[in-house]
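The following blocks contain the structures, represented as structure tokens.
Common to both upcoming complexes is subunit A, partnered first by subunit B, then by subunit C.
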Partner chain A sequence: MEIKQTALAGTLESSDIQITLSQGNEGIQIDLDSSVEALYGPQIKKVITDTLAAYDIENAKVKAVDKGALDCVIKARTMAAAQRALGTVDKPNWEVL
Partner chain B sequence: MPRYRKRWQSFMEKNGITGFAPSDVGAVEKTYVWFADDGDIAASGSIAGNVLKYVAVCSKYKNGGSLFNEVVSHLVSEEASRGRFHLFVFTKPKYVNSFGYVGFKPLGQTDQAALLETGTPGIQDFLQQLPKFDSGITGAIVMNANPFTKGHRALVERASQECDHVYLFVVQAERSLFTFQERFALVKAGVKDLTNVVVVPGGEYMVSSATFPAYFLKSDQDIGQYQAKLDASIFLKSIAVPLNITRRYLGEEPNSKTTASYNQMLQAVLPPKVTVEIMSRKTFNGEVISATKVRQAITEGRQELIEQFLPVSTAEFVKAHFTELKNRISTEGK
Partner chain C sequence: MAAQIFANGEQVDIPTVLMNRDRRVAIQNQLLKEIPDAAVVAAKLNIPGPIKNNEIIQAFFTTELNNFEAWLLERGLNFLVKVEWLDAVTGPERFYFVFASGLTVKKVTTEFEESTSFRRLFDLDVLVQENEQPRSLFRTEIDYPVRTCLICGRPAKECGRARAHTVDELQMRVAELINLASQQAEKQRLVNRLVTNGLRALTYEVVTWPKPGLVDPVEHAAHPDMDSYLFMDSSVALRTYLEQCAQAGINFKGDQLELLFKEIRRFGVAAEQVMFSATRGVNTHKGAIFSLGILTAAYATTMAKQGTITDEALRSTVRQMLQNLVKQDFNNLKQKAILTAGEKEYLKYGVAGIRGEAMAAYPTVFERGLSVFRQAKGTLDERILTTFVNLALHTEDTTLIKRAGTPKILAEKDQVFSELQKIGVNTPTGRKRLQEIQADFSNRHLSLGGTADLLIITIFLGLMEEK
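Let's turn to the complex of A and B:
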């Protein structure tokens, strides 16, 4: 699936993550900002990549500002950003859920 | 807003933001205020275009930064809902880290001020689309070229002779008689024969005077100077170093004080990594060639000066659009 517009989901508050998705052309490029990056960086990136893969998004620039979000939160925020970016907010992808 | 204006202003003043010039306050689109349980203002932040302004959190309610994060978070979502995903903030150097924790990256910093950005497309995207030169001497020129004159041409020619590669950045901000598209096209046409010169749009990273808020500087400070210093540091850190630029060419400025002090600031900030080459102005019959004089000539309808000061490509454009340009001057005051 192609990203139609830049989209943002999530906040910068504690235990949350803010995800910005925009068009890219070199696979999934993740720019992650997290105070726990050394420990959980790979896991956070994996959750984001897997969630985008479930939407068949192959190319995207992802900016993620993490404030200690749990995996379920990361997934939820990535999904919200993906649906907004694809312009499919009114058609949730139940398979991913 | 008018109801809270006074309280908001005194809250800002208590938190060290003291400037409320009409140009700063007037640019604000929306201000958000957070109240504490006792009715006091706890925090506030504003948006103006893609710039976050007047961000302040009362130290009493800082709560380990969580309120600050909430404020920035809210401003970022509000900007996103307006379709703006690339944001800037000007702040004091001591707050660079606070903004860093919420994803902002510093573009340049002086002892007085810092400029940070977040979101996409950012500086990396800007740099990525430019050609890169790994060998030889790379020079750079930044010009508004309003419009491109024989003086500009002489400066580019010199840089082209002395360097292996030259980046020619054209200021993108629309505050000039000639639109960015016109200026860009005329620069391109004017240097077409110089094959080692690449003409590129300056993006949002060159001469950011429109967005620079003076409010966190004391009123007796020379705003222009601090702005020039910040601008020079942005060029050095975010443009020159990543692109291997080691020379910056400037035109000497005998007539405009602002530009002269801007040039001085570049000379103070850029070396030793980037050497600054200043070239004296080209003259015609003893008269200094300048774009300002060209615009005056258009206002006064003096066609002869146009041919003397402008290369053929620009002169043809100006002659073909003479009436239109004149109208722009009188209606838009440019």
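Let's turn to the complex of A and C:
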């Protein structure tokens, strides 16, 4: 699936993550900013990549600002960003969750 | 085992929590635009687990935010409450404008969060508008360490991310903290009740009419240097003193209760000065300061230790507080240059007066005052007068002896009041007789000052029994 528009989901509140998805053409490129990056950076990136894969998104630039979000939050925020980027907000794909 | 506090409440799922976060950010941004100069404080709780709101959680939230608001005012910060979501399933929230710089506000809110163990459950986020963008301030900007985990003290984000602790474990800890907060709130309520009822008792006594030998709004010729306004001035000036006695009683540790008495006596000495400055040198409430202070502290400490009050428990506390009072106080009187009225009476006639009454744990108050006040029917005015007559009858009033110059006056007083008691003070004849006695006392410049003090503490104890 191709990203139609740049989209954002999530907040900078504590325990949240803000995901910005925009068009890219070199696979999934994640720019992660997290206070727990040293410990959980790879895990956070894996959750984002896996969630995007469930939407068949193979190319995207991802800006992720993490404030200590749990995996389930990262997944939900990535889903919301993906739906907005794909223009499918009206039909949320909760089964992915 | 889940904590009792979490027995009730709706469970929330992740999408609901996330939607609420979006809603919160939206309202915050809107508020920041509304008053760009003010800082916005978003107050919420950090409650781990699926249940984030119920009656207990909400009561904790609002009680502590009352304290937070007082905390802001004490530090010179004004605020405005703009929005609140007390019932939200995602947890209670309230949003403030605070009129000061973001850093100032962040410092004050962080100090509040760190001021007690249970206030750590609060998340008071401070937001400002910077370059037309909302920005949340960090603890590190005011040189505070990051938040630590409720359970192990490591940085909270690390434990949260790692799910280092089970929900049960976290809920137990939260419950422990909220219980602690509710115990403290309970103590504060007791202090407030003691202070309020002390002030009510002081003022109720003055407005009751007719009281022979005492000041009331109608007649005060027995005390030409005083009137009921002066008594009001003196009463309200004693608020701080009563609060000190209540706090000292609640906080008192150990069982050497005579130390508690020593502690509040120092407050009492200062309170006398406060009284004299409020009355421009007239002794309105010296006896009441002594007795009301003792009973306030005794009530507070008995309640704090036993969780309930009986006459016997309260009197036993008073007895222990005052065990050496007459001995200590009267021991060196003969060397003392300036004697109080009570001390002179003791030397002259051996009447121990209020000290003797106090040391015996106020038998006149409990047996002749409170028992009557409890049973008396009618309006508050009628109940207080009935109590007053019975107290007057059974008190060895040293103020009366002093004014009359002889203890023989006690026999006359007993006769007058026992006759009045038979008629009944709340019959038309009784009221008329009471006014005649008041006129007679005024003419002869006789006072029942000692009885008034006992009436005040009787009313105080009676008011403490209100539901």
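Convention: the second predicted complex is superposed on the first by the 95 of 97 C-alpha atoms of A that agree within 3 Å, B and C clash if a C-alpha of one lies under 4 Å from a C-alpha of the other, contacts with A are read in each partner's own complex, and residues count from 1 in each chain.
Quick note on the criterion: a contact is a pair of C-beta atoms (placed from the backbone, for glycine too) under 8 Å apart; a residue touches a chain by one contact, two chains touch by 3 or more.
Remember, predicted model here, so these are calculated numbers, not experimental data.
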item: Overlay on subunit A: subunit C relative to subunit B, clash or fit; value: clash
item: Subunit B versus subunit C, judged by how many residues of subunit A each one touches; value: C
item: First (subunit B), second (subunit C), both or neither touched by A:Cys72; value: second
item: Partner chain(s) touched by A:Ala53 [first = subunit B, second = subunit C, both, neither]; value: neither
item: Which superposed partner A:Lys63 touches (first subunit B, second subunit C, both, neither); value: first
item: Partner chain in contact with A:Ser22 - subunit B first, subunit C second, else both or neither; value: first
item: Partner chain(s) touched by A:Ser35 [first = subunit B, second = subunit C, both, neither]; value: both
item: Partner chain in contact with A:Leu8 - subunit B first, subunit C second, else both or neither; value: first
item: Residue range of subunit C overlapping subunit B upon superposition on chain A, of 26-34, 62-70 or 242-250; value: 26-34
item: Footprint overlap on subunit A, comparing subunit B with subunit C; value: 11-14, 35, 67
item: Subunit A - residues contacting subunit B, complex; value: 6-8, 11-14, 18, 20, 22, 33, 35, 61, 63, 65, 67
item: Subunit C partner contacts - residues on subunit A that touch it in the complex; value: 10-16, 35-36, 39-40, 67-68, 70, 72-73, 76-77, 80, 94, 97
item: Contact set on subunit B toward subunit A in their complex; value: 66, 69-70, 72-74, 76-77, 80, 85, 101-103, 118-121, 125
item: Footprint of subunit A on subunit C - complex, ascending; value: 14-15, 18, 21-22, 24-25, 123, 125, 136, 156-158, 160-163
